[in-house]
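Everything on this sheet refers to the single structure shown next.
Going by the order they are written in, the chains are A, B, C and D; count residues from 1 in each one.
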Amino acid sequence: MTTFDDRSLVEIRRDLHRHPEEGWKEFRTTALVAEELDRLGFDLALGADAVNAEERLGVPSDDEIAAARERARREGAPEEYLDYMDDVTGLVASKRYGDGPTIGVRVDMDALARSEATDDDHRPAREGFGSTHPTEMHACGHDGHTAIGVGIARAFDAEGFDGTLKLFFQPAEEGGRGGKPMSETDHLDDVDALLALHLGLDEATGTIVGGYDRPLSNAKIDVTFDGEPAHAGGAPNEGRNALQAMSTAIQNLYAIPRHADGKTRINVGQVHADNAQNVICEEARMRVEVRGEDADLNDYMMAKADRVVEHAAGMHDVDFDTSLYGMTTTFENDQSVVETVMDAAETVEAVDQVCGRSPFGGSEDASFLVRRVQENGGVASYVGIGASNPAGHHTAYFDIEEESLDIGVDVITESVRRLADDL
Amino acid sequence: MTTFDDRSLVEIRRDLHRHPEEGWKEFRTTALVAEELDRLGFDLALGADAVNAEERLGVPSDDEIAAARERARREGAPEEYLDYMDDVTGLVASKRYGDGPTIGVRVDMDALARSEATDDDHRPAREGFGSTHPTEMHACGHDGHTAIGVGIARAFDAEGFDGTLKLFFQPAEEGGRGGKPMSETDHLDDVDALLALHLGLDEATGTIVGGYDRPLSNAKIDVTFDGEPAHAGGAPNEGRNALQAMSTAIQNLYAIPRHADGKTRINVGQVHADNAQNVICEEARMRVEVRGEDADLNDYMMAKADRVVEHAAGMHDVDFDTSLYGMTTTFENDQSVVETVMDAAETVEAVDQVCGRSPFGGSEDASFLVRRVQENGGVASYVGIGASNPAGHHTAYFDIEEESLDIGVDVITESVRRLADDL
Amino acid sequence: MTTFDDRSLVEIRRDLHRHPEEGWKEFRTTALVAEELDRLGFDLALGADAVNAEERLGVPSDDEIAAARERARREGAPEEYLDYMDDVTGLVASKRYGDGPTIGVRVDMDALARSEATDDDHRPAREGFGSTHPTEMHACGHDGHTAIGVGIARAFDAEGFDGTLKLFFQPAEEGGRGGKPMSETDHLDDVDALLALHLGLDEATGTIVGGYDRPLSNAKIDVTFDGEPAHAGGAPNEGRNALQAMSTAIQNLYAIPRHADGKTRINVGQVHADNAQNVICEEARMRVEVRGEDADLNDYMMAKADRVVEHAAGMHDVDFDTSLYGMTTTFENDQSVVETVMDAAETVEAVDQVCGRSPFGGSEDASFLVRRVQENGGVASYVGIGASNPAGHHTAYFDIEEESLDIGVDVITESVRRLADDL
Amino acid sequence: MTTFDDRSLVEIRRDLHRHPEEGWKEFRTTALVAEELDRLGFDLALGADAVNAEERLGVPSDDEIAAARERARREGAPEEYLDYMDDVTGLVASKRYGDGPTIGVRVDMDALARSEATDDDHRPAREGFGSTHPTEMHACGHDGHTAIGVGIARAFDAEGFDGTLKLFFQPAEEGGRGGKPMSETDHLDDVDALLALHLGLDEATGTIVGGYDRPLSNAKIDVTFDGEPAHAGGAPNEGRNALQAMSTAIQNLYAIPRHADGKTRINVGQVHADNAQNVICEEARMRVEVRGEDADLNDYMMAKADRVVEHAAGMHDVDFDTSLYGMTTTFENDQSVVETVMDAAETVEAVDQVCGRSPFGGSEDASFLVRRVQENGGVASYVGIGASNPAGHHTAYFDIEEESLDIGVDVITESVRRLADDL
């Protein structure tokens, strides 16, 4: 039987690495973490008690979720917690150690939809803990994040601290699908300080970044173009070509003007059209992402993208439909928390470099949790835990140096203690 | 046990309609036809004896073929013929009735990769013979063609004719994948006259077209663009975007100049790129079709398309690969055969309109068989058997009026007799 | 003083070749022809008496017309006829020789807006009759057409024929701007038979084509996109980019689907946008041409082009305006006239090849005159006069072999006589 | 006779505003300034003595320069200085007042290629000093810059300062064409401190910006595509379409990926293709601008743009040619100079707001002069002189509040004094 009980953080991370689960499919991960935290005496809120299920974004089909749940069961997820979860993943776990403030820590659990390298140049393959799920991979370190979350819970087991610890094991960070619905619960209302964390990000093991600031706002939009099929040889003029519409859209999406006020981004990641070669394309689908350095810039990109899609469709006389797949926003860390983390990091022996605030190049839906805490008068920072990675995030050869796991636990644990004392 | 033995042509057609098999997957169809023709005393060449296996175009993966074969077995295909076929479909069956010339008849057997309508507006659904294979459908009448082929074999059983009958049950006509490899065998070398046939084509039941001429030459080309992934937010400049390359290619493919010398066509039917929204597209694939009124025009389109693909890739600094998926050529019918068919048609009571030669709007890989026969000094025509169809070919509501099956048998049978007498 | 009085057709053609005048600027050409026909006793209708001035298409600006008129005066155009014309070019000249039917002959007079080759490989340059107007050139043989028109008038001077001759010297054929307004007068109402003619068209001197049939219908459309300028470095997002709109339009115009029913064409000949490099484009203009094998196909292309332009503008949030620059339609020759011309051609010694009807690849606004005559019950043909040309029509090295001028006069003159006798 | 002698700065500015001269055409401006500075006792270097004539970028044709020079003469430019200039504009003027350091001041003189608003909403029109040159306009304040340059020369006439003043009246700033060749002379070698200045930039009159930093690097590239013409109706396949190549290039230029390291820009300002509508486009030209926040980013954009152009040409089988039209680079101001300017500004009564360093959104070829001074060990700053402007720079309604002229003179004069004292 699978359990985390007697396993080290490295073992836990490798177990998760072998069983990566995409967003909203983290049944095995959630259940195993829940079991371990239950053992450690935490109060648990699982599934629809942990996230606002109605507000979930980018949810897979019922069939896919059922299959993921069944797979989790098959791969050793404890039934009790699977039952509690029903068909929603995610976990909020809290434990009161003292009268002091409530300190939250948020980690994310999901894997990416990509295949992992299987050759010996890749340590997980070489050492036998590569993904066993052909199209899923922990290529962004969330396996390590989850292990660190468990490590923090364990760390306080012996002597506690003067306050309440609240751990947020968030589903579906990839795509910005889980942060918003997790923030739209009341679990954050009593959190006085929140720490989120990320491994790697091209910082070497031993480096700590006190706070990554201003992630890009982004929105992910699913677009479908619906035309009219026709025989491409016999009656090309009778078709309404969804693919011509989509290609025109793609060309013009990438050409949305840069903005004077700051960074913007646009990408089309997926496209699909499935007609025979001799049929004028009936339906074409694409998945688009826009970003902005702040929410206004993100709105600018969304408005421009909408206009492009609408008129690309109109130009080729096809219908279209757009829907939101995921979303993130931006935030600024609180300087006081950044400094507390930096001070805490200085006390950890394995840390050899401590940096201050640094801009975050990408997007993060921890943003919704951070903003919720800040809006309630709390403070927060998004902390970087260096972890030498041999290849870029999201690539087939991504891996992390596992010494970083203990460093992460030590830095965050010490930060939690200090925040509890200072607030 | 399934067998065609005691079933009418309508029953056979409906059985095939319920079990449509895409190109190179016609295991059940081939095996059932083979069994019936074996019963009728034909000599059989199956699988790699019927087509030049090395020259097959657009062959599915080994896994897909194995699955199709296994499905055929499950759905009642007689083992004996499955074993003979191994993993190649197709059948050439011949029987000598007299000393006269050898007359060939070619029918195609494959279905399309599309879903069939399931509502009551669609007769096959309403009357319970809709496709039981979710993504396959006989939407071009080849189920009827195969039934007519069987009907012709039966028709000569009683009294024969003065010659040899050779029936070509061709696989993989859709996409132009089976005609070329079936023509590259020696089965056509002794054929003095060849008749190919097609149902429907927007002619009503009771109409016969003596010869469809000059189908478009075409080529189907699979293209893959290979770029370099990168994080679309963090490092968009580090990617080499396969999707931008593909979109640029698509825009410019459709814009290949029209040609002064005649009809040309271009279409992109399928596109796929499967990255997360935040990853610069690493790989993008498309399936392209070009056509020309003659082989030179087809070559013009192929050369232009190659140039577009090459430079779209170069523009975005990505690699590319192209391969041929299918191919057809063009031909002219022999006037003598057209006239023989027209004369024969006049003798069939259910025929109420007989037309002469007419241009064929689409493409047909019977072209390779016709040309092979003509190159050997034989004659040929591609005959139209009217069959009122409620919806266009290749659409979800395509169907044929089944009275056309007997008409087809009668017209072709009488044509065979007359050709044998005249040659 | 310039006059055609004592000059040969070759001299006249060379004089016109040296003084090419674009459409609606043929003041010198019209005036000199008018003077010569006046001398020969023709009744003249000039300018707004010859064409429906309100219906003119693609008219240059008042300044340009005034300049062309002034240039004509400077280059020897007789004042009397310039005065009559006012600011409209074109001439209809008629003379009654007998009681028989009225036979019309239409020639066009305008030059192209292009520069002529000036090197010795080009005979007009080598022999000193190259264009003296830097951006205008007789690159389509209309100088020869005009000379032939004069030659026909002279040919009947001696012995006449049994009928009335009506000569249509049409302005602004290039672009299809003069045919429609010339057809919308009553000059054609009494024409029983109409001959139009064209030199060259890749037929050698000595060849006569009895009738070029079915020219493509076409329409020329001027499009302006109006956006909003902005500093491309400082505020790219504040612009509304007319050039992005235009480029998107161009890409998609060329990609309008080919049509099952016949030939279609699309071209964008001119584009202009005149901003500094650091200004987001405020205004962009383009000149588009569509064609169809018949009027329906032309309408299909116009509708598709309109849709592309509208949504290219919408996609980039810019305004747009379209206007018709020129237009032609299609026609079928009357077989009786074609045969009469062929018979007549056989009698001309210098003719060594006589062809029947042949499809006309391009467009011609003689079509409006032909259709008007046919609608009134008359007959017509569009005759080809072979004239070996060393380089393609509309190119800088176009020229015609001048022996073709007399052949043209002889064939048309004999055809006119025969038509008058036969009708 | 025209002279600046007895005219106020406002009068001088208005005179220049009425006679705007585009880059490399500033004959009248240069000559009038030279005459005035000659009167004030400056040593003059004019034309090829002021700029490195061989290194000029984006030089108009000889005809255009000759016409501009002739116009200047006609509009009162003193002959003596026109003669000295020959066909090159620009002026370096220096005067020694004391033994102290050499302080340079750089102003630019050229106008933009755009028409000025002529309605009464526009003060220059209303008050009678609107541009008299239809396609030229001082829409960026260089008329004011030149007037301030004259004002500074006059200001020191009474009491001087302890050093040498060197005034750089730079031609052809628009497009980045004059800065590089002016920097490639030895006039800057002895400059210990350099001040450049700009009016407006959306700061109100009374505001001084001590230093605009880090202008974008940019490059302006002229591209020509050379294809093959063909008749668009008769032989569209025989053309090689330069316009399709250009449109493909434009679509893909705007879609060059944004860069992780900082701001990039791309724009296509001008396009021209001049064929008749029925001719496949033979030649198409465009003027492109790229920018980067630093020189590396600019190089990135140039390399990407080159790749796009090359393959757009290759895709449509046309030739291409690219040439550099203009160029700027980036720089950082020296903090000491910024502070000196800010201190000086505080002493000027009409100044009500003094700002520190601010990023410069656009590009500036003063950058080459600044870098040359800094490379030689000198110091520099690019100073902003607020001047309320009713409409954006480069627009038809741009104007400046003229109170800013005296403020500019006072701030720069005081800064010069202080720099001379401090260095």
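Throughout what follows, a contact is a pair of C-beta atoms (placed from the backbone, for glycine too) under 8 Å apart; a residue touches a chain by one contact, two chains touch by 3 or more.
Here the structure is a predicted model, which is why all the values come from computation and not from measurement.
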| item | value |
| --- | --- |
| Least hop count linking chain B to chain D through chains in contact | 1 |
| Pair joined by more contacting C-beta pairs (A-B or A-C) | A-B |
| Distance between the centres, which are taken as Cα means, of chain B and chain A, whole angstrom | 48 |
| Approximate Å spacing (C-alpha centroids) for the pair chain A, chain C | 67 |
| Two or more partner chains touched - positions in chain D | 234-236, 244, 248, 251-252, 254-255, 257-258, 260, 265-266, 280, 361 |
| Residue ranges of chain D touching chain A (in the complex, touch as defined) | 251-252, 254-255, 257-258, 260, 263-266, 361 |
| Residues of chain B defined as touching chain D within the complex | 234-239, 241, 244, 248, 251-252, 255, 257-261, 280, 300, 307-308, 310-312, 314-317 |
| Chain D contact footprint on chain C (complex, rising order) | 112-114, 174-175, 216, 218, 220, 229-236, 243-244, 246-248, 250-251, 254, 265-281, 284, 287-289, 291, 325-326, 361-363, 392-395 |
